[in-house]
Amino acid sequence: MGITEILFWGLSGLAIFAAIMVVISKNPVHSVLWLIVVFFAISGHYILLNAQFLAIVNLIVYAGAIMVLFLFVIMLMNPNAGAEPQKNMWMKFAGVVTGGLLLIVMISTVRSAVDLENKTALLNTGNIGLIQNLGKVLFNEYAVPFEVSSVLFLSAMVGAVVIGKKE
Amino acid sequence: MLIQYYIALASALFCIGVVGVLTRSNAIIVFMCIELMLNAVNLLLVAFSKMHFALAQTANAATTAGTDAQLFVFFIMVVAAAEVSVGLAIIVMMYRNVHSADINFLNRLKN
Amino acid sequence: MSLAYLVPLFPLLGFLINGLFRNSLSKSMIGIIGSGVVLASFIISVILFFDVKNNGGAVTQYFNFINVDSFKIPFAFQIDALSSLFLLIITGVGFLIHVYSTSYMHEEPAGHFGRYFSYLNLFVFSMLLLVMGANYVIMFIGWEGVGLCSYLLIGFWFKNDNYNYAAKKAFVMNRIGDLGFLLAVFWILSKLGTANYADVFAQTAKLSATDITGITLLLFVGAMGKSAQIPLYTWLPDAMAGPTPVSALIHAATMVTAGIYMIARSHALYSLSDISQNVVAIVGLATALLAASIALYQNDIKKILAYSTVSQLGFMFLALGVGAYTTGVFHVMTHAFFKALLFLGAGSVIHAMSGEQDITKMGGLRKKLPVTYWTFLFGVLAISGFPFTSGFISKDEILLAVYSYNKVYFWIAAFTAVLTAIYMFRLLMLVFFGGFRGTQEQEHHLHESPPAMTIPLVILGILSLIGGFVQLPASFGGHDYLNEFLGSGMANVPAITNENAAAAIKEYYLLGGTVIGLIIIFAATKKFFAVDKFDSEYTGFKKVLANKWYVDELYDAVIVKPLNSIAGFLKNIFEKSGIDGIVNGVGRFVQYSSRQLRLIQSGQVGSYILFMVLSVVMLFWVFWNQEIIVQFLQKIF
Amino acid sequence: MNAIILSAVLGAVMMFCSFLINKKETFRHIAAFGLLLLLIANVMDTYGVIFFDINTHGMLHFGKFGLFFNSIAIGSTLIYVLLTGKEIEKTGKYVAEYFVLIFFVLCGIAILSAYGNLLMLFLGIEIMSIPLYILTGSDKKNLKGNEAALKYFLMGAFSTGIMLMGIALMYGGTGTFDLEVYRNHAANGTPSISFLEVTGLLFLMVSLAFKVSAAPFHFWTPDVYDGAPGVFTSFMATIVKAAGFIAFIKLCEIRMQETSVDIDKLAGVDWKMLFALMIVATLLVGNITAAFQQSVKRMLAYSSIAQAGFMLFALFSLNDLAKEGLLLYSAAYSLATIGIFAVLVKMKDYTFEGYNGLAKTQPVLAAANTVCLLSLAGIPLTAGFFAKYYMLASVIKTGTYTWLVIAGVLFAAVSVYYYLRVIQAMYFKEGNAETEEITRSFKAGLIILSAIIILIGIMPQYLLYWFYF
Amino acid sequence: MISLLLILIPFLTGIVSFFLQDEKTAKSWALISSFFTLAIALIGVYTINQKNLLSFDAEWLPQLGSRFTIGLDGMGKMLCLLTAIALPVVFVSTYKNEYQKPGSYFGLMLWMQAGLMGVFLSMDCLLFYFFWELALIPAYFLCSKWGGEKRIAVTFKFFIYTFIGSLLMLVGILYVYFKTPDHSFALQSFYHAGLSVNEQYFAFWLFFIAFAIKMPVFPFHTWQPDTYEQAPTSVTMILSGVMVKMGIFALIRWLLPIFPDAVLKFNHFIILLCIIGILYASLIAIKQNNIKRLVAYSSIAHIGLMCAAVFTNQQVAIQGVMIQMFNHGINIIGLWIVADAIEKQFGTGKFSELGGLAQKAPGLAILLVVMALANIALPLTNAFPGEFLIFNGLFRYNVWMAAIAGISIILAAVYTLNMIQKIFYGNTVAVTENAHDSSMNIKLALVILVIIVIVLGVYPQPMIQLTGGSVHTVLAKINP
């Protein structure tokens, strides 16, 4: 059991634990913080998988920008308002059960997948995750989606204006 | 590392996100759980990319197989960011009108 | 022969003229037209008759009525011995009754007067079609036509609902018979592909025994309806609701004998099936007896005559059943004379009694209405078989035929004949003898009927006295001309001849028997019924007879009521709640399920997503176990 | 390509108009003009006149099918803008922005009709959806609008998550996002079907089923269509939904026509059965629930689900008839629905009672509405008939699952029930329906619309003529 | 050419009629149009078929393999003639009725006629389906706009019911279409569609249910009495006189030749169903207290008889059905005219509230009696030859069925005479106290019908010859 394995299991455990905390913690602010922890753990996985670029972007975009945005909004609507009215127990229970079922189904599917026999994800090595490679591909094959995504941003921007702007 | 582990991990995170969506009623937290789901997917994609890279590498050393998955992750992040901006805007709009971020607070549309 | 089509044509014209212009024409005009057309066709019938007598019958075809691949039905007339004889009866008696009607119906307003005569003409037309048709289909046309006319004429006074019911009853019962007739025709058509008498009788070889029996029995069902035999006889007494001349013409002289005509016509088939012959004989006999027994205790003059008609018809069927076709037909003729006479006489009486029909309220009319009395007497003598009257000759010919066929039948028939005499004399006595039992003003304007009514009476009286001589047994120095005449028309039927000694002896027995019997009956009835007071309170068995063996009630309970209740059930329960209930139920179910289904749309995002995820899970499950489901689906569809 | 770029550009242009011009009407006219340009550009594209020749590296494949659909979508949008542009102005103060968003939606649609790569599918769906979230909530003070927007957004985002999971799994199974590769893979390598790929396809199917509001993923539809401003509902319910179907059928083509149930050999699976179940569910929910609605708008929302059920027939039987039929259906369905909504938004009262006696007060509206409704019901002599005809025919042509067709027609009969309710209200019930003031041009537009519907219904060959590729 | 005119004239005049506001104009316009159509139809009946003359063929939907093919064969001629006669008679008899929006009313009537004509003329299955619906939709609007007080719900039921039927038929049509060798909807290719026996068994029902609902045969009949009662009488006349014939016509034109094996398999069951229906309807008719409902049920009985005869697979029977279709149309229209006259005059069709009309309205009484007698197929009325042949064929098919079905003859007599008696005989009651004879136009219409009744009753042969050919073609298909 090398260092990578230990890291892998540690990060996985952390991610799952943090994710659970996101779901169960009462205070929205806490769940935001726990979510950030999840992101860090996932970035850790990226680094393990030697996808540095994504690791960084993940931290910057998610943990940095998006989560801050979330925090702003939560602050904007005073935090203790986050003490949401309890959903009825039944709903919660049903939710958990359903989620569990989904998990079981997915796992079982994967387990019964014969074509995944001893396939591994290459750790530490493999330089496809490095920027120079990604950049090359992005601006060659992926030029069109890259450009198209600008439309997405435009519409998001317009939308934010239309919705968010106070009259 | 066996790919099944990654799949299992991603599925777990994904399902936790789903559970959150189902159990919480604060719009923001629900939305956060959705983000969680997206991240699970991202992780899975990266893992797969490395898997396919590994497979392809046995054939020829200089392969760049699996790059597209990582780029896809990149795009997911992009889209996620855009979605967040719109989503939060909507939530804020609702908050302005009803001073609550509870998804069940407004329940005029039914049946 | 070329004139044949004229015979029905004249009445048809009369019908059209009287029908269309009934409001514009004067009564006398209508009467003249009405009777004139019948007279015209009578004259032609006479010509045809002698034509047939001299140079045989013939079939004339006019146009294709129905003409499909599997069979052709021409619109053709057949004039032969049988039909020409019937033509004479129909048009002759018909003419007399028309004349009679002109004065009998004189109180009717012009419109109805015209309607009456148009119906009457229409009847004559259909009756002529019936007898002249050269195939069963044409006969059927006339068959239903006369039924219609009898319906119209029974319900002639349509303001009275009972009359309407009587009319309806008559029509419906006839229809039951008609169905049998129709099925028989189909049977013939499907076997032989033709309905022309000539062809059918020529190809009887092609028919199996069952075919013949079936056909003949079904035809006989038709005859039951038309000629009022058991079990379909009950309409005839009710039919007396119609004007009396109508009863005379339709329900005594002509229409009701259609059944006899039809069987005589298809004798070629009947004589091939002993079963059906026997059935005919038994039914006829039973009917004769039953009707006679009922007639004993009726008080309505027309009802008595009606039942006597039924009974006489029974005699005719008996004759046919025992194979004495010509005799049957002969009795039709004589019966036409005396029964028409009796009805018209009764009409004259009713006329005089200003509408009264209950004989217990009459009495001693013989002085007031001499002509009516005498003619009526002739009629009574004839029907009760006073020697050498037409009735005697025809009836004892029947009895002889029956005797040679089956002794039991003979004795029953003889007994029935006695009954006939009894109720007829009872009628005679109650009406014309004893003291008057009616009210003052009835007595006040008792008067003999006008000549227009009496002349036909006289003619018919004479006919019913001497009309039988065409068939006077050789034992009395006569010769059966009619048998010869008909026999010529009726292939392969041995004409019943009375030329042998054995027959002669029986003749004398019968003669003696009748004379003695009649004298006794005359005395007895004179003693009992020629009275000043008569109470009609019957008890015990008499009551049963007076109530006609409760047959009507029986039918009502067994057929009419159940049918009604079934129909009611179907209409009110089965249709509404059953079928329509299901149909509307589907709609209601949709609405209900809609109301339930929309509750799933709870309006809560949480539950929506919950359902989505659940269905994703379901989808996976289905997906990985779908061979099960596929098999399941294949099982269903 | 023309359509994608031009629509994006036009969107940008409208954005600038929004602060260069301040007369509301002009936006409408510019938009209409822009749409016309777009239509022309797309038609030229169809016939090989391509303005921008870009190597998309297999990201986009421009087939006649997709381009035809673009023409239909753009054309119906044009009609939609011409008919109900006025109402758009009434929705809020950001008139130009609404048009911008509509253009962006069209851009997304153009991408969806041409995507050759799951990435483009993802982007297209997002580009199409995000503006819709906003349009749904565009009437900001209206709480129903807010609720609808929130629901739509949350569930949309969730379905995006599902879709991404699907894509990830498919990648895991195949190592690529390229549809071409999938297709070849399906063509030559059926036995080596990968569990991950199939699972991923399932996830993708779910998310797309969500977009086209097929039961049991339809729950957002009634609420959103009901809550959103009528004008935008009309847009969402017609063009957008049809686009969803186009994306769906392109996806189905890659391997969902496999129908061999042989689990132990892992050789294919019976997708048809899944679709059959989904179709029955959709028809059931849509028709049955619509039957008891009180508000016409909501009834139309459910009926749109029902119509989706019929369009799913095309996905069920992936043959030539299905594709032509889908085009015809989206054309007929869009036209009819746009007409109905155009009338609806003019009504003061959206309930059935609100329609009572419309035939007296506004005969033209009533007549046009009747034609559109009959078309939706699929009565002959209207375009709707041939749409349904194609759907049924395509299934019967597959020779299997005939019971599905029978179920379909039975539900069609149910649909007649609630469509006729509107006609009854308009023609046979007493009352005087109140409408906002109706302009001549509006009436003229309606008449032309119904004329088109009937024309397609009587002689569709002239339209069909183009579809045979 | 003629056949095209038969469709176009009513259709175009109908369109024009929508824009006519004034009552008189609309009425006379419709009347003129219908008479013109009648003239064309008569010409059509008496022209010998040269291809270009009677039939018309044009490109329609090449992609779907459907052509606009219409043509007149014997059966078509007869039914087109019926349709063409029906409209003017109806218009004349209801000339005095008031309608709101007369323009649209008559427009829809004419469209309905166009649809009916199309159904009888079309030689292409898709076209047939089109006209089948085109005939239905105007009927829907007519009934629910101008009908009685319960009209909306009732008509709704009627529409949905028949619509389900026609949708099933559409499925059947497509099913057969894909089996045709040349993927075409043409009549001939349908006749030669190589359907396996099992396919026939399946598709047969899809077609049959549609037709069964249309005719209607028990147990699909429940829409009919209500609709006939609620619909405006002139529409009812067309519905019962002509539209129900669509079902029987379709049986003979489409069902029998396309699914011969299925017919031979199921006919026993269907005939049984029909006979049950006949007795059922007759019994219910006996209990009816309302002239309209009575006529409706009697119509069900008659239609059931025809349907049964169609499936006997007997030349005689089908020949009988052919002429009976026409004659039943004539008779029932006559009965409806009387029913309408009575209702219009006294505001009620209930026997219990009527009586003694014969004294007040002798003319009407006589005409009704003739019509009623024709309804019970008395000899020398037009219905007799038809029923004679039908029963004959039924008898050839199965003696007992013929006998049982024959009971309906008796029951028919019962309820028909009931009606006559309750309405026209007996003494007058309060309602009919100061009744007057019906107006000239009604009498005129009835007289025309009566003349047809008598003429065809005495000399049915021409009718038989007219349709003989079609019978042969059909039977040649079933038992080659």
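A, B, C, D and E are the chain letters, set down in written order, and residue numbers restart from 1 in every chain.
Quick note on the criterion: a contact is a pair of C-beta atoms (placed from the backbone, for glycine too) under 8 Å apart; a residue touches a chain by one contact, two chains touch by 3 or more.
Just so it is clear, the model here is predicted, and its values are computed rather than measured.
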item	value
Assembly fragments, chain A aside and the remaining chains unmoved	one piece
Most remote chain, CA-based centroid, reference being chain B	C
Two chains sharing the most C-beta contacts	A-B
Chain whose mean Cα position lies farthest from chain A	C
Central subunit by CA centre of mass proxy	E
Euclidean distance of C-alpha centroids - chain A vs chain B, Å	5
Chain B and chain E, separation of their C-alpha mean positions in angstrom	66
Centre-of-Cα separation between chain E and chain C, whole angstrom	37
Separation of chain B from chain C, taking each centre as the mean of its C-alpha atoms, in whole Å	97
Sites on chain E at which at least two other chains make contact	160
Sequence positions of chain B contacting 2 or more other chains	3, 7, 14, 17-18, 21-23, 25, 30-31, 48-49, 51, 55, 65-66, 68, 71, 75, 79, 82-83, 86, 90-91, 93, 103-104, 107-110
Residue numbers of chain A (touch at least two other chains)	87, 91, 94-95, 98-99, 102, 106, 109-110, 116, 141-142, 145, 149, 152, 155-156, 159, 163
Touching chain combinations (by label order)	A-B, A-C, A-D, B-C, B-D, C-D, C-E, D-E
Chain B residues touching chain A - in the complex, by the definition given at the top	1-9, 11-26, 28-29, 31-33, 35-36, 39, 42-43, 46-51, 53-55, 57, 64-68, 70-71, 73-75, 77-86, 88-93, 95-96, 99-102, 104
Residue ranges of chain A in contact with chain C within the complex	87, 91, 94-95, 98-99, 101-102, 105, 109
Chain D-facing residues of chain E, complex	60-64, 129-130, 133-134, 137, 141, 144-145, 151-152, 156, 159-160, 163-164, 167-168, 170-171, 174-175, 177-178, 202
Residues of chain D touching chain C in the complex	150-151, 154-155, 158-159, 162, 198-199, 202-203, 206, 210, 216-217, 219-220, 222-223, 261, 263, 269-270, 273-274, 276-277, 284-285, 288-293, 402-403, 414, 417
Chain D partner contacts - residues on chain A that touch it in the complex	106, 109-110, 112-116, 140-145, 148-149, 151-152, 154-156, 158-159, 161-163, 167
